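Per-chain residue numbering starts at 1, and chain names A, B, C and D are given in the order in which the chains are listed.
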Amino acid sequence: MDDRVTTAFTSTPQMAAAVDDSALVRHMLAVEAALARASAAHGLVPAGAAEQIAAACTSVRPDHDELRRGVIGSATPVIALVGAVRAVLPPDVAAHVHRGATTQDVVDTAVVLALRDALSLLGAALADAASAAASLAARYRDTVLAGRTLLQQASPTTFGLKAAGWAVELHDAAGRIAAARDDRLSVQLGGAVGTLAALGPDALAIADGFADELGVRRSPLPWHTRRDRIIDVAAAVATGAAACEKVAVDVILLAQTEVGEVRERPIDGGGGSSTLPQKRNAAGSVGVRVAARRALDGAGALVAHPPHEHERAAGAWQLEWATLRDLLLAAHAAATRTACVLDSLEVDVERMAANLHATGGATLAESLSAVLGDVIGWGPAQEVVRQAVARAAASDRSLRDELLDHDAVRGAVSTTMIDEALDPERYLGMAGALVDRALAAVAPVDSEVTP
Amino acid sequence: MDDRVTTAFTSTPQMAAAVDDSALVRHMLAVEAALARASAAHGLVPAGAAEQIAAACTSVRPDHDELRRGVIGSATPVIALVGAVRAVLPPDVAAHVHRGATTQDVVDTAVVLALRDALSLLGAALADAASAAASLAARYRDTVLAGRTLLQQASPTTFGLKAAGWAVELHDAAGRIAAARDDRLSVQLGGAVGTLAALGPDALAIADGFADELGVRRSPLPWHTRRDRIIDVAAAVATGAAACEKVAVDVILLAQTEVGEVRERPIDGGGGSSTLPQKRNAAGSVGVRVAARRALDGAGALVAHPPHEHERAAGAWQLEWATLRDLLLAAHAAATRTACVLDSLEVDVERMAANLHATGGATLAESLSAVLGDVIGWGPAQEVVRQAVARAAASDRSLRDELLDHDAVRGAVSTTMIDEALDPERYLGMAGALVDRALAAVAPVDSEVTP
Amino acid sequence: MDDRVTTAFTSTPQMAAAVDDSALVRHMLAVEAALARASAAHGLVPAGAAEQIAAACTSVRPDHDELRRGVIGSATPVIALVGAVRAVLPPDVAAHVHRGATTQDVVDTAVVLALRDALSLLGAALADAASAAASLAARYRDTVLAGRTLLQQASPTTFGLKAAGWAVELHDAAGRIAAARDDRLSVQLGGAVGTLAALGPDALAIADGFADELGVRRSPLPWHTRRDRIIDVAAAVATGAAACEKVAVDVILLAQTEVGEVRERPIDGGGGSSTLPQKRNAAGSVGVRVAARRALDGAGALVAHPPHEHERAAGAWQLEWATLRDLLLAAHAAATRTACVLDSLEVDVERMAANLHATGGATLAESLSAVLGDVIGWGPAQEVVRQAVARAAASDRSLRDELLDHDAVRGAVSTTMIDEALDPERYLGMAGALVDRALAAVAPVDSEVTP
Amino acid sequence: MDDRVTTAFTSTPQMAAAVDDSALVRHMLAVEAALARASAAHGLVPAGAAEQIAAACTSVRPDHDELRRGVIGSATPVIALVGAVRAVLPPDVAAHVHRGATTQDVVDTAVVLALRDALSLLGAALADAASAAASLAARYRDTVLAGRTLLQQASPTTFGLKAAGWAVELHDAAGRIAAARDDRLSVQLGGAVGTLAALGPDALAIADGFADELGVRRSPLPWHTRRDRIIDVAAAVATGAAACEKVAVDVILLAQTEVGEVRERPIDGGGGSSTLPQKRNAAGSVGVRVAARRALDGAGALVAHPPHEHERAAGAWQLEWATLRDLLLAAHAAATRTACVLDSLEVDVERMAANLHATGGATLAESLSAVLGDVIGWGPAQEVVRQAVARAAASDRSLRDELLDHDAVRGAVSTTMIDEALDPERYLGMAGALVDRALAAVAPVDSEVTP
């Protein structure tokens, strides 16, 4: 189906290559080859037959329409796939193809192989985005802007700290995804009902050899109907998507016409409007939100998956891959575009300062309370500031003037102290130190994530 | 992306043709053409220019890769689409393309056109499934089987009534989908922020003409950020998917080895296992569950959609179509395969009777209470039956013998009465009448749904 | 469990009274009474017994801890409930309590009675909110502010039209909820497996009488495992929650420090911060978002509900009520607080104008193109405006000056025309007419919704 | 609100005590006390004042109705809570209460404290359930029953292996929950916008001391708007709920009238029906499904949470706790009832054997292929078995007879070999060894999970 336009927001060519049908079929064939070889190592399959099977699995190109018909008729592509392999082999060799395995062994292990590639791609993309955010955090470590809670200016913070928060969340997500890849992906091999009965007395050794052939973790028990691995993978990917969506929402809010503190540098003339030449839409961030939300919806569905009955589910299992695939495509789109947005972000330092000053020092209320508190007591200080803020809001006078005129302040506190308390640069607390902590934490991400 | 295998469960070629990018692009071009014509009718665009635009919209074939790039760069395919149309027109005509509209007008109206086709297809597929279920209900109107609650045999019912329940649910879903199509789909035309300012003083008349050109309902107000229509469509589709899943779950349960009351006749040699020749999997029903669950997950996500900010959302809107499209594809796959499953269902009437009799009359406990109740009082009767059931379960003796030997029964109630009370055919209540009601209700669905 | 604090955002006392256990138990007792009376009307139960049962159902106060134990032990409260009624009646009367019904008949019909009240409450609350929005739309019908798309200023619109959009969405949701209440709620009566076998030969008439006793719609067939009604109710409620969330999001965005176009008048000293005296949080809107999102999550889960097996589900059915109840509580909290927010909204007309003018006429680009287009052609006009906007953005000069100095404009277009094109009040298109349409549509809602 | 009946399925008194408002308020007060003490340690608050504050936090009992009003008015209970503490202190001390913190610091850290208790409770309940499953696995290590895939009998397995699968999944979930508790819960302390500005120059040390006072992990950076911790907790809990639902679904299926391999021993006379004395519903398992599904819906919503804007979200944050609380309540109900179900499970070993034999050896098809394959070649063997299975299914003859009469078998394979191949006990593969592996893995869970 032609869907290049519809999936533009929610897929990338790189991830598509890792999770499309060609990849899945290639992996399923690799699984059949590994099974034959591992079986041969324990005499279950003749060595020569195993090599012929492995060669066939490398060369055969199953007809995807045939596989599709297999899915519709038999609820699995594996019967048709095995048929395609057997068709190119002599009968006595063909009979050994797929021996001892069940369709779910083949599909689950192929999905694990696809996930291995996909999670590596996704981790790398998130690490790139984290690096881009870290660069912003370093560059704007001490750039003051209004911290906003419930979308209201609250107290000063730095753009560095905001970007550091993005960086840490993106980096941690990359780490979680790498951990899911390394710790949670293991082969599936249990045979028809999970007893490995058709693999003979050396079945456990064959299962281990099968894992080793594929370079995937061994599995102490088959996990046909225990899908906690899928929950773990989905949740790890969700942390990545959520990290991207956080960046996008902040950028869209900061880029609002009335805020104007950042803007995306357009990609290839993008960001425009069909009729409004003045608009500079945060198109990249919009795309990130679309992709991230799609990924999060998919992750939520996978986490809340239906139960798997008995030794193989009648539906719940067969449902998984399409959702997983969409999740990975969307998360990778979100991550790569987040990196783009961050790389292309234009930061308007003056506007940040201007927005903060526009409220006449009200965001320094806490700072004023602290300064006054040391002199007139913390409780009275809070009350004085509350009154002054209210008076300034109701009049043309500045908060500074209201304070200096206040009975409890006049004479007690110097103008210099008030002015210092009203200086946002002096009320940034640990912002710089926290940025440094974040940058230290984020630094080694590249080497960790990309194997 | 090649995904014929992965989407085998969750798509159909017919629905793909209705909702793929070619359909969407065709509809977007039709929208631009209709806008030009409606504008020309009120003098906003020269009549000749409108016809040239309409002709271009029929002949131009925008490059989908170009549109994809447009989405990534500008968060909409419309700018590139308009560019493609303009490129084949003289400058003075080209300038009138898309005049007065905003990208969302074009996409939303194109989506409405795609939905119109898609909902018709889906309604027809559900109506087919309803007909197939109704045929079963008619054929097996009086075939007795165990009614099961909490997956335990409870009281006798008929396979006819079970199938009638399926038929009514499928039929009602088709009706709901037809109603959503007919009542809830209307054009979108508001211009940049919903005021239609760029359409001049006849804007409202142009908007009506625009709707008439496309044969779609007029809209009293633009609905750029009011998405209740989408919730309505998603919920209607969900009722269809749920109706299909209900059939599939019942069939899978009835087809269990130990129940064996129905089985799917294999399609093209399907239903088999990769290694177990004896298996007759309910592969069709498994496929229905996969498709239905995917549709329901999508519907849930659309119903719980994120809010749309101000006059056009920054993400929530752009997210909709991909989910809607998947929902429609999956729902159609569910509906068409449900019809297949129902058409191919082999019903084992003997097994139904045997399973019911295997519990030695225990499912007639309520019937016995009623018969005895008329003689010895309703309260004592319940107690007598309770005791007899318990004794029979704990012994080798039949419930009938336990009852006939019970002090409160012996002498008071004739053997004939007990035997009649133990005859499931005599304890079907209104089953037949309800089947007839259902068949009458379902009958006219075809003509209603397919326009 | 004490949860007044935790549920503060997501419940109201009024809705709690409609859906708490006391209400549910009262409704279950009413159902048993109605069943006895309807059965008596057809001789199934002695008339005197039916009246004694009905009286007992009015006076008995079942122990809720006992019912809870019943749920845990038997997966239904009905056995314990019936026991409590029987306990206060003579044995020969007691035996007729619940005769012919199954637990699901009692619970589902009680839920329908609770839903009837709950949907009326919710519809009224949404109608109140719609009225409040309509008042704003009327009062600010012609108040100009920036229309914003993708959170960027786009073109002028009116606050009246924005509020009219809220009003229509709230009003339509109230209408949908009233329709769900009136069209989709019907009694449940099928007996053990839906055949009404235990209700004798007049079962269908008894079922109709049962409905009439309760003043609820009759049901042509039992619907134990067809839950499309639940989907319909959930989707209708979702449109209400979404309408509330839309208002809340817009208010929060308009109330941002840097936008400042509206603010909530604090309720009882609320809206404050624990440490920041200057903050005027949109606390009401935050509460609306919390409640609306909770409702939408619940609606999504109900729409995507698991399948109901055979003649009664083993889990999927028993799951419904708790989610439905939470949905109704949250939706009512959202609706009532939306009405509060709208009633208390302070609108800063000057700030709206100032924000719009702050962009120096750029939001009138489309207007300028139209005016110029009539003189120099639509295509060249778009290009001229594009250039002038870019130059103004890159310089200190105004868009007006850039335009007046443009070669293609100077001499061709009068200053007056440019000034008129730059007047937002002249570029509101159909805003006023659309507000009037909306007000007309919304007007009669009160009488419709509150019965 | 009275909801003991409605929440019977989805809550437990123990978890309610850990997550109800009293617990939350107690934790919020503990947070204020810890903050005062940690601040005093660095001279920010006078030592005497800190102790007075801590004492007040122990003794004060804030009015929950007042806190509820605070939530409604200010979107947070903290202002009212702080007010309640201050009210019992002298003004100069009162002024130091809550100094340097923001409301989210208090709520998030209190939630972390509640989560610590709740996750311990939940882990212990899952460990109990795992132990109960492990006991079944040990007791029935070698009990043969039909392995079922897609709800069809496939090959023999053991009830021990089935129970071992349950045990491992429950145990792993307990481990994951313990890990989430130990690794992912850390204090929140950032002040108004995350800079800790109001905590003075020793802010970072105060933050560490604050964590130490509470015995909770330190946090390198505030995480006000990074909610990956919540995703991790939700996903861990979801693995527990999914493990419970898996047990419940298998038990319900095994307990079907026609399967009858297990049944729940009724609790307190439960499991009955309101009208059908013969029924033995798997009421416990139904309850588990309700609770597990509710938990999974909640987990899905938390994983797919909306984005958190800027330095504190306007809604997304305030939404979390109610959903988290419901998730924990439901998951604990699921876990404790799963333990009950497993402890009370009656296993019918004879019925397991009978069901397996009822298919006349067809489940040994794979075994037969292997035995024949060694003699006549693997390919021909598969074909012979396929034919024999088909013939037996279509006739009155047994599979054994069909095989012995087959041309390719007669003379080539001894009757003894065929009989051995048809013995399910000889075709269990690694079932016993896998049970032993599982039991070894599950054994130490108790000491791990309960601290």
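Here is the rule we use: contacts are C-beta pairs under 8 Å (C-beta built on N, C-alpha and C of every residue); 3 or more make two chains touch, one makes a residue touch a chain.
In this text the structure is predicted, and so the values were computed from the model without any measurement.
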Pair with more cross-chain C-beta pairs in contact, given B-C and C-D: B-C
Chain C-chain D separation of Cα centroids, rounded to whole Å: 33
Averaged-CA centre spacing for the pair chain C and chain B, given as whole angstrom: 24
Touching two or more other chains - residues of chain D: 75, 102, 148-151, 154-155, 191-192, 198, 248, 252-253, 273, 275-276, 281-283, 286, 289, 297, 301, 306, 314, 366, 382
Topology of the chain contact graph, where touching chains are joined (line, ring, star, complete, other): complete
Complex contacts: residues of chain C adjacent to chain A: 146, 148-155, 252-253, 255-259, 273, 275-283, 286, 306, 355, 358-359, 362-363, 365-366, 369, 382, 385-386, 389-390, 393
Residues of chain D that touch chain A when the two form their complex: 75, 91-92, 94-96, 99, 102, 147-151, 154-158, 161-162, 164-165, 168-169, 172-173, 176, 191-200, 203-204, 220-222, 225-228, 231-232, 234-235, 238-239, 242-243, 245-246, 248-250, 253, 289, 296-297, 299-301, 303-305, 307-314, 366-367, 370, 373, 377-382, 427-431, 433-434, 437-438, 441
Interfacial residue positions of chain C with respect to chain D in the complex: 1-11, 16, 20-22, 24-25, 64-65, 67-79, 82, 98, 101-103, 191-192, 198, 248, 252, 266-276, 281-283, 285-287, 289-290, 293-294, 297, 300-301, 306, 314-316, 318-319, 321-323, 325-326, 337
